[in-house]
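Shared between the two complexes below is subunit A, which pairs with subunit B and subunit C, respectively.
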Partner chain A sequence: MAKSNKPVVWFPFAAGGTVIAFFIPVIVVLTLMAALGHVPAGLSYERMHAFATCGLGKLVIFGVVALSLWSSAHRLRCTCYDFGLRADTLAATVLYIAALAASLVVALALLKI
Partner chain B sequence: MSRRPLVREVPPTTWYFRQPRYMRYMSREITSIFVGAYCMFLVVGLQRLAAGPSAWEGFLQALTSPASIVFQFLALVAAVYHAATWFNATQKAMPVQIGEDFVPGNVISGAHYVAWAVLSVVILHLAGVF
Partner chain C sequence: MTQMKQRQVQLEVLRYNPDTDTEAHFQRYEVSCNEEGVVLDALNKVKETVDPTLNYRWSCHMAVCGSCGMMINGEPKLSCHTFLRDYEGVIRVEPLAHFPIERDLVTAPDDFMEKLKRVKPYLIPKKKKPISEGEYKQTPAQLMKFRQYSMCINCMLCYAACPEYGLTPKFIGPAALTLAHRYNIDSRDGGRKERQEVVATAEGVWDCTFVGACSEVCPAHVDPASALQQMKITSSIDWIVEHLIPGGKSARDTVSREDAGDIS
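Our next item is the complex of A and B:
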């Protein structure tokens, strides 16, 4: 059987694309409201901290952010190629490592809360 | 086995100016830059949340800078464009067959739009917007 690393890259990519489509627009709306001075009640420290304290909250936050990061890394890799950067192995290495490192930062932050 | 070389020379950095279809493809590609940057912004936010109440307040304060507002507005446009094109593609990516017939593509994409709207309203409600 031919071995390929594609499913490993592709599954989180497809999952992340769906997560981004469903969740990121409304999250941007929330932070944009905060930016414009109408901080939603749910973005107060108490509410955010309480959400990130429970196990389900941690799982949701990590799932959404880590999958979105991976999907974005994969899409940026393709974007680099399409704009003429032919060093694909370099772009893939840098972007995937960045996504993994950022996911690790999220995991550590959540464990600290 | 290596691929056969291209017969026509394709300009590697400007090829997408040739056709509106390529331009639309590229405009979707570009959304990944803003969405990716916004994801990193979320990572910073979570790190600030973990650092305590004053760090979180500082983060919310930093959001109100003009650069942040412009960035988030661009991220919103990119995220919505990504979502719309993603849901439009679902009918091609995962066609549903019942018996002999395929479910019409508009129904599949439409169901995604409805789910998106419901989910967004629920999240806005949970976040205390209304």
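Our next item is the complex of A and C:
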């Protein structure tokens, strides 16, 4: 029996899962705080803009967003499977393309800054 | 001596006799049981006093042998470890899910047994040495690495709980894969590459979607889900070595050819 090539999609999923666990709760809290008008000095618009302007900042933002998207796409694919949706190839194609397309949009937006 | 407090227990048991029944059906029983008893006690009382034709497996009555696994109110449990005091009203007892029924609560474990064999759940020594050279020694720290995964009692509750096994019967499944992991991480073992030929396939760890139900129902606290996730990481590293590092694949191919006769 041939070995599976699943690691291609699973490794970025695992990496994204780790990113989500560490970053997303913080981002959600900070976003809520910002919405309520409490923006910490270190996270002011000017500072964040400067961060997104430098190459490393772009890479970090892209990494967090793209890996989280990929992880969520894969999680959704598994959830579909668990719920008995046997059209796995279709679910995988649609979800992965959505994640890749959204990542591409993020990359383009970052490059414009 | 004071008499233990008794309680009327109502059971709804799935019955199936392959000689006479075309379909399984539920049968109600009511027996008086010790309030501190377990579901297995109630079944024994039924068999002793009401219906001697009721079939089920059990042996140790102390959650060690792994024989008395069944679905109790829809959850895979050892009936010797499921206390009546935790249940109210009618208790529904069915054979373990995802396994073919042989008779009443007795299921056929053949599929699990066949899969267990395929993962080579035994020590394949790194270097064979004659008995005269003594034991394969191990430090307590090396033992602790795999000890938890060696506590499996083969009760198959994890297979009954796993939705993936239910949907994809070819899936090697939690207990067998966990035992493969138990030997893979044993310091005396050198059989990981052989086991990978089964573990790293689509039917191996990659059919697992980390639902985690296996770990929730495990009566021996083995935590099969953690074993499978660890194997996904090592299998992914293998994949990277084989596909992305020059020379990595040729080293792997040699092993695959050697093992080819063993798997099929």
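Worth pointing out:
Everything that follows uses one rule, which is that the second predicted complex is superposed on the first by the 102 of 113 C-alpha atoms of A that agree within 3 Å, B and C clash if a C-alpha of one lies under 4 Å from a C-alpha of the other, contacts with A are read in each partner's own complex, and residues count from 1 in each chain.
The definition used in the following text is that a residue touches a chain if its C-beta (ideal position, glycine included) is under 8 Å from a C-beta of that chain, and two chains touch if they have at least 3 such contacts.
This one's a predicted model, so the numbers in the text were calculated from it and none came from an experiment.
Of the two partner chains, subunit B is the only one that A:T31 touches; subunit C does not reach it. Contacts of A:S4 after superposition on the shared chain: subunit C is touched, whereas subunit B is not. Contacts of A:G84 after superposition on the shared chain: both subunit B and subunit C are touched. In the superposed model, A:A92 makes contact with neither subunit B nor subunit C. In the superposed model, A:V19 lies in contact with neither subunit B nor subunit C.
Subunit A is touched at more residues by one of its partners, and among subunit B and subunit C that partner is B. Overlap of the subunit B and subunit C interfaces on subunit A comprises residues 78-79, 82, 84, 86.
The residues of subunit B lying in touch with subunit A in their complex are 12-13, 16, 26, 29-30, 32-33, 35-36, 38-43, 45-47, 49-50, 53, 56-57, 60, 63-64, 68-69, 72-73, 75-76, 79-80, 82-83, 86-87, 112, 115-116, 119-120, 123-124, 126-129.
The residues of subunit C lying in touch with subunit A in their complex are 163-164, 167, 196-198, 200-204, 206, 209-211, 232-233, 235-236, 238-240, 263. On the subunit A side of its complex with subunit B, the touching residues are 17-18, 20-37, 39-43, 45, 47-49, 52, 61, 65, 68-69, 72-73, 75-76, 78-79, 82-84, 86, 102, 105-106, 108-110, 112-113. Looking at the complex, you find that subunit A touches subunit C at residues 1-8, 10-11, 14, 78-79, 81-82, 84, 86.
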